[in-house]
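For reference, chains read A, B, C, D, E and F in written order, and residue numbers begin at 1 within each chain.
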Amino acid sequence: MSSKVTALQIDSIETLSEKTQAYFDVCEEKLGLVPNVLKAYSFDETKLRAFTDMYNDLMLADSGLDKLEREMIAVAVSAVNRCFYCLTAHGAAVRELSGDPVLGELMVMNYRVADLSGRQRAMLDFTVKLTERPEEIVESDRQTLRDAGFTDRDIWDIASVAAFFNMTNRVAAASDMRPNDEYHSRAR
Amino acid sequence: MSSKVTALQIDSIETLSEKTQAYFDVCEEKLGLVPNVLKAYSFDETKLRAFTDMYNDLMLADSGLDKLEREMIAVAVSAVNRCFYCLTAHGAAVRELSGDPVLGELMVMNYRVADLSGRQRAMLDFTVKLTERPEEIVESDRQTLRDAGFTDRDIWDIASVAAFFNMTNRVAAASDMRPNDEYHSRAR
Amino acid sequence: MSSKVTALQIDSIETLSEKTQAYFDVCEEKLGLVPNVLKAYSFDETKLRAFTDMYNDLMLADSGLDKLEREMIAVAVSAVNRCFYCLTAHGAAVRELSGDPVLGELMVMNYRVADLSGRQRAMLDFTVKLTERPEEIVESDRQTLRDAGFTDRDIWDIASVAAFFNMTNRVAAASDMRPNDEYHSRAR
Amino acid sequence: MSSKVTALQIDSIETLSEKTQAYFDVCEEKLGLVPNVLKAYSFDETKLRAFTDMYNDLMLADSGLDKLEREMIAVAVSAVNRCFYCLTAHGAAVRELSGDPVLGELMVMNYRVADLSGRQRAMLDFTVKLTERPEEIVESDRQTLRDAGFTDRDIWDIASVAAFFNMTNRVAAASDMRPNDEYHSRAR
Amino acid sequence: MSSKVTALQIDSIETLSEKTQAYFDVCEEKLGLVPNVLKAYSFDETKLRAFTDMYNDLMLADSGLDKLEREMIAVAVSAVNRCFYCLTAHGAAVRELSGDPVLGELMVMNYRVADLSGRQRAMLDFTVKLTERPEEIVESDRQTLRDAGFTDRDIWDIASVAAFFNMTNRVAAASDMRPNDEYHSRAR
Amino acid sequence: MSSKVTALQIDSIETLSEKTQAYFDVCEEKLGLVPNVLKAYSFDETKLRAFTDMYNDLMLADSGLDKLEREMIAVAVSAVNRCFYCLTAHGAAVRELSGDPVLGELMVMNYRVADLSGRQRAMLDFTVKLTERPEEIVESDRQTLRDAGFTDRDIWDIASVAAFFNMTNRVAAASDMRPNDEYHSRAR
């Protein structure tokens, strides 16, 4: 394990379990790298497992939101919180999934000036309000999403993804987590 | 399942799995109730499991932070985000674990005027800055925690708990999640 | 006089005047306590009198707002300002006057998620805007109150009560004023 | 009574009591005008009396703060809240009491760039923090005032004056109260 | 050159060029003073020329906005940024151009309570939003200006003047630039 | 001229002057493109000239700040204001001038987590405070820059560059100015 993934000196376990090593091998094979966030969590396999279980469910399981939309939410949240790790990793994901490098930059820099569908704008407006002023979310905010075509189950998924990145942004900020350099040049 | 735990109409599954039902039975036995957040997640057992796995690790596993300190972090974060669900449920937990009803109120209302140890004040100051302005966390913030006696591993735990409630506060806000009424009168 | 009502060491007068002592006796009889704010002001009877005269007129005199509504305003303002003293004392008053302990908690934690009448929501929305951004109050804000059924005289009363707690919250914050412990457990 | 002192249509009483009329006559004699705020309150003599009693005690009674300092606090608070009424009336008072028209403008525009004594800067820094972020006042803020030479009783007076204008600014904002035109040209 | 125009000690050039001296002579003749901002820039005539070229084009060239409107924008922006220099100099300009001393004060203190035409209110609302939250400007903000009667070319001019004062406010703040005393008493 | 550089429909002049055309030719030759901001201003050659004169002096003339530092300021300011145009164009400039693509991303995403020299951190901390809270700049902020090795003349240049981008960010935001696509892929 690289020792400079975060600013925290936490003793890592000596050998990863077979299961975790296999998971990292799959990452290497599919993504060409093991995301640094996984290395950061690997000092404790229970924590690593809890993180990956939640992440994989939210970002990869069936949902009324497609994978690009979930990545757009990830970046819009991370832009509010100015999270270097998540903007880098998920900005790359938006570029890759959309095939549109400028869309990735727009999500990082200011989603409001992107040329989005009404559905996606409503989704990101909700996401950003939920990030900045969660205490002000009221029924009319949910209704705006329904009016844009989302089901209540979709609203749960929008909220859950936005909320998850409000968590990971803060773990990254608190620990000064650094993204893998490879992300920067991808899909430019 | 009560149908008014959240403002979202999401079809619940017809029968809970035996494993989940057993988990709920334990809650009922130990807490005297099944927390509404679990009912809210129970429309999808994968999501419920991911949530409880992460929650139980963060709040109950071994840590340099005792359980009361973790609950204090939960409430201080939720006070910033004005989360009715989490302030209610975790405010009750602070009252119960501390045996000090006023401490619970102070965490809900304004942790800054509580008469805390230097360690706990440093912990909550970091927590609240991480919640309000994660982009401004720098090395000197981590050093302040070390100077107050926390290890780097403790800092990870402070950050992880604070980050987790930044997530759940937003799931609760987005879905208008309602706490079990029982919490309000406990340990007053 | 208890010496720890505030963090300020101000010499108190040796004997309260008969009139003030009688006033305190009435408090003791009616409320079961002399509110600490009165003790805090009692170092100068002119200041104490000015405070109680204004308080009693605003909170107890005839008005288009009932007493519960005035207490709801008090708590909504104090929640913005995170005033431990006023949230404690007036949160208890909301619980007592409404007979609804949860309503008190909602006012303390986040009035926006309470299930209020349109009239009361308009009243508190105005109150909170006036507290947070008084410079942005314009005619349309007053008109919204009229449309919700308030007279111009009622608007004066809403404004006066909200403004008064913006004052007392700051006297309490500046002096670290502590509420009587009895409030915490009342009407739970 | 002029009918356009505020945007609220509140029936005024037909004749002022002799006592109030005498008070207004003194204003006219001493100030050359009856301040509009008194006219605004005159629809109810109990409210008018409560207001003037508190105002006169705070601004005119003996205090460790001289009258100019109390007016400087009034303007610094009103600048944060952008209160047209109070900036106009008390900006004029700062110009008159100091004989320094530029000082009045500095208080209105940005007290931070004024060339103040350490004592007065500490006083206004406390005042502005108490206005903007009362929830963040802690013991070190009070100690900074003590270190600048203020007694605890002086701190009470600083707080009380700052708090009072946080009240009146909001009554003025809510009612769109208009200052007497005469203030604008005075002591320029 | 007065040496106390700013807090920065920058060596000025020994003799102004004939062209610059002529420009200053015109200022003296027309305005009765050489504005301190010009003296501040005069340590480098290229910078001085760039500043005056842009200023004169924006504030004096033909435009769908009259000169008073441009000065109103200048003051509304400077009020957000609390710029002592620009509020003083351009507040005086509003008083002079309008012949209405109170209008100047309203722009300095709180433009929202001024009695403006719909056109001018829309202009200043856009100006202030552009100053406070430029990232939130979207097409509907431009459309609101069009609906108030502005052409797209007018919108460019509103934006350019507002943007320019967001620049000069910051040069003044960073250097502690002081306005000529003469402005304070003009057109009162 | 491309007609979609901004959202504003402003008639462009029929033929550019020879001087302007020559300037654009130099841009094309040196940069491989004519920056869209120049096209946006080209409807009025006086405005275009004023803009380029100021820009070229600030960014290219002799200064105690090297060109990379001036571009870092440009991006740090634009990150606060979330200006899509300037983040894109000047983010590319940071990547090119530094030869460090990650540095460009750090300036866009969060300069606070970049590994900077004390000098450059002081420079950007001042820049960002001047952008976010210009009214709070006081002498100690200037002194911090001097202590980091800057002369008063350097402080003028830091302030002028930061102030300039606070202007251009707002012109870009108000007009929805779009950067040339070429910037996105440069120096990745």
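FYI, contacts are C-beta pairs under 8 Å (C-beta built on N, C-alpha and C of every residue); 3 or more make two chains touch, one makes a residue touch a chain.
Given the structure is predicted, the values throughout are model-derived calculations rather than measurements.
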Equivalent interface positions on chain A and chain B, same or different at half: same
Intercentroid distance (Cα basis), chain E paired with chain D, Å: 30
Centre-of-Cα separation between chain F and chain C, whole angstrom: 50
Between chain B and chain D, centroid-to-centroid distance (C-alpha), Å: 44
Per-residue overlap in chain A, given as positions that touch at least 2 other chains: 82-83, 110, 113, 135, 176
Arrangement of touching chains [line / ring / star / complete / other]: other
Inter-chain touch pairs (all): A-B, A-C, A-E, A-F, B-C, B-D, B-F, C-D, C-E, D-E, D-F, E-F
List of chain E residues in touch with chain F within their complex: 7-11, 43, 46-47, 49-51, 53-54, 57, 61, 81-83, 126, 130-131, 134-135, 137, 139, 142, 152-153, 155-156, 158-160, 162-164, 166-171, 173-176
Contact set on chain A toward chain F in their complex: 79, 82-84, 87-88, 101-102, 105-106, 108-110, 113, 176, 181, 184-185, 188
Touching residues on chain F, where the partner in the complex is chain D: 135-136, 138
Residues of chain B defined as touching chain D within the complex: 110, 112-113
